[in-house]
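Both of the next two complexes hold chain A, though its partner changes from chain B to chain C.
What follows is the complex of A and B.
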């Protein structure tokens, strides 16, 4: 038992980060599942982090309420933003959402109340590990259930063929917007949790590299179901820490994993199991023909 | 009239793809639309299904003005369609494709499903399975739609369109890539659907299929309607022969 206790003591921060990463990966999974490449979730995470930290500091807002308000603020930003950017598709959509992140970063750098370039320091460490993992369990369960609902099927249809989806009576723009706002809520909640785990936040924490990192979690893990992003986030967050001797090569390692996955497992690591099944089916099919 | 197009017009740059076309489709009939390549048939279908906006003219469906309505609203009103090039959700199974087709007839169940045993979609799955059976795809329900043969894909697309329980079904060249046996079965299916009360607007290159299926036929050429009438009349029309049928072998 002591060993387990020691493990938690030594790695509790890392375990916390793994959970936060998994939440972030799920936040981008929603839009990816609907076939939309958006890179705004780092910015929504930032909104959640700053809003919840500022509420706690200046108004003494209780932690859960501060988290919720942070998430709602991000959702309220995502709705009008989504109405505008979902006129775009593919790379243009990705760039537009990325530009939103840049705008937010510049605003944070220039605003006194957010601490400008220094950011906010001394945020009380209110986040417990169970907060993170309870949130993760709830979000993962909800997304898993929604995936099999009419909403999840509509998202999949939009991903596969937008024109045909519209012909099935799916209000394409509305479903895309729903996915975008849902992702923003989750990302901002994760941002609030993360801010109260790390003591300090600054604008660059939520910039381009974070946006890409979140995307990589989800892509490496795989999009077919919500388990993929959780797995990808856990792997890519924990691996560099566990391989601390290779610390200098961390980004290289991450890039290498991404490359290998995209080349050999374009649908992500979770498809390994599926792949085996398909191979077997193909073998049976081949036997049938012969 | 179930569907009425009044002087409907659509331009692409300098080309008038559909030029002041009038169309009136009565309920419970199969209405054929034929014409040479580039005559504007698919453009007309896209205008009716809401995928294209008309530059001029009016479209009425079931006594309501639906000009400019988006595709998803028209599907809710009862217009379903297939696509010339087959547009299935390739990464989804056959039955999932049909379930997506039922979207407008299903109760939204995302919230109910949060309860672990909530919202069994048994009834909808059964209906989807019955539709697959009807087009002869019962055995392939769980196959990825992208892996079906071309003829199967065409039939699956029809099943998906029927899943929305439409009043008007637009079929854009449904027999393309089918062999004579499959085409024969398609004709039987279309006649059976009309007998059950469905209205079909059939765009087809296979003139024989159109003649053998439809009560009424309109002929388009260079975006204009040049003739309309029952099959025998169209077959005998000199204008039509000159524009189109002259080069075809019509039995």
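What follows is the complex of A and C.
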């Protein structure tokens, strides 16, 4: 038992980060599953992080309420944004959501209350590991159930063919917006948790590279079901730490893994464990969803 | 004012050289090549290698950097894009595989050169001042502006009036039809990548010369700017990319003058967002069919 205790003590931060990454990966999974390539989730994560940290600092808001308000703030931003950008598709949508993230970053850099470029320091470490993993379990369970529900089938239908879905009477706009807002809520919740895990946040933590990283978690893991993103996030967050002895070659190895997965396992790592399910997805032509 | 305009045109020329290559690959193959900023950085390092290690003069370094990055572009396609193309993978996959190549290449460069700014050996990079009225201008920048314009005219000629250009345009319009009609598709793709990456690498050399500074992360700021330029001009439109690049250069220099320093980047991304909302097809955007 002692070894397990030591392991947790030595790696507790890493274990926390793995959970946060998994939540973020799930946040982008929702939109990818609905066929929407959005890259705004780093920005929503930032909204959650800043709002919850500022509420705690200036108003003494209790931690869970601060997290919830942060998530709602992101959701409230996502709804009008989604209404505006969802007439764009494919890479246009990706670029528009990226641009939104950059605009937010610039706003953070220019606003005094967010600490401008220095960001916020000395955020109290209120996040416990069980907060993260309870959230992850709840989100994963909910998404798992949603996947098999009417909503999940509507998302899949939109992903396969938007026009056909609309002609079947599916309220395409509403379902797309729902996925976008749900993703924003999860990302912001994860952002609040991660801000109270890392002590300090700054605008660049939520920039382009973070947006891409979140997407990579999900795609490397695999989109066919919510397990993929969790698996991808865990692997790609833990790997740099486990490869610490090979520090100099870490990025190279990570790049190689990424390249090999995208070329040889197009449906993600999860397909290794889920071959049967994938074959079914292939039969119905839903394999290459991402 | 005149100096600022001069600098705006200079930086616009760098953006334009960079962005036409980015737009070319997108228009022909529908690939958003996220390794393009890495090619930009590689161009600068190829020149540094040619000058610092091989002891060659700057003009030879420019040629070497162009050829080296052009060849790198072909290799990049074989490794990161060709396997995906054969499978008919979605565009997202190509973005991620090019990102993977970026991770690897940037790290390889850092293993050899470290992550800090490096200057060219003293006296190897041309530098002279021009006096126009009471303004003092860096002469090299004028040379770069002229070179960039010549190169872009050359590219226009190549795409519009040569048989290779015709093949590339056929490929952009419909790869299958092009293949059926006897276009050597693989050759056209290789040429597209050679030109695109060669120009991207050249932009890197020229910026490295102008600032006398090279570093492994110098391509990063261009990533989102390339998106901006392409969206503003119209996705995949080469004249659009050039127009977008100069507009972005002007806008950035103007916002440097009139806005606080923290808001410097706001212009590019605000513009990008606005154009996507108001006019997603961009300023010179056309039907997908005739966008090159």
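We take it that the second predicted complex is superposed on the first by the 272 of 290 C-alpha atoms of A that agree within 3 Å, B and C clash if a C-alpha of one lies under 4 Å from a C-alpha of the other, contacts with A are read in each partner's own complex, and residues count from 1 in each chain.
Note that contacts are C-beta pairs under 8 Å (C-beta built on N, C-alpha and C of every residue); 3 or more make two chains touch, one makes a residue touch a chain.
What you are looking at is a predicted structure, and each value in this text was computed from that prediction instead of being measured.
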Query = After superposition on the shared chain, which partner residues are touched by A:164: those of chain B (first), chain C (second), both, or neither?
reply = first
Partner with the higher number of touched chain A residues, chain C or chain B = C
Task = Using the superposition on chain A described above, determine whether A:103 touches chain B (first), chain C (second), both, or neither.
result = second
Ask   = Counting only touches as set out at the top, which of chain B and chain C does A:150 meet: first, second, both, neither?
value = first
Request  = Check whether A:172 is in contact with chain B, with chain C, with both or with neither, and answer first, second, both or neither.
outcome  = first
Key: Touched partner set for A:266, first chain B, second chain C, both or neither   = second
Remark   = On chain A, the footprints of chain B and chain C overlap at residues none
Remark   = The residues of chain B that touch chain A in their complex are 49-51, 70-72, 75-76, 80-81, 83, 87-92, 96, 99-101, 103-104, 106-110, 113-114, 116, 119, 160-161, 164
Request  = Provide the residue numbers of chain A that touch chain C in the complex, in ascending order.
outcome  = 37, 84-85, 87-88, 90-92, 95-96, 98-100, 102-103, 105-106, 109-110, 116-117, 208, 212, 215-216, 219, 248-252, 254-256, 258-259, 262-263, 266, 288, 290
Complex contact set, residues of chain A against chain B = 142, 145-146, 148-154, 156-157, 159-161, 163-172
Request  = Spell out the part of chain C that touches chain A in their complex, as residue ranges.
outcome  = 32, 79-80, 83-84, 87, 89-93, 96-97, 99-104, 106-108, 111, 223-224, 227-228, 231, 235, 260, 262-263, 265-266, 268-270, 272-273, 276-277, 280
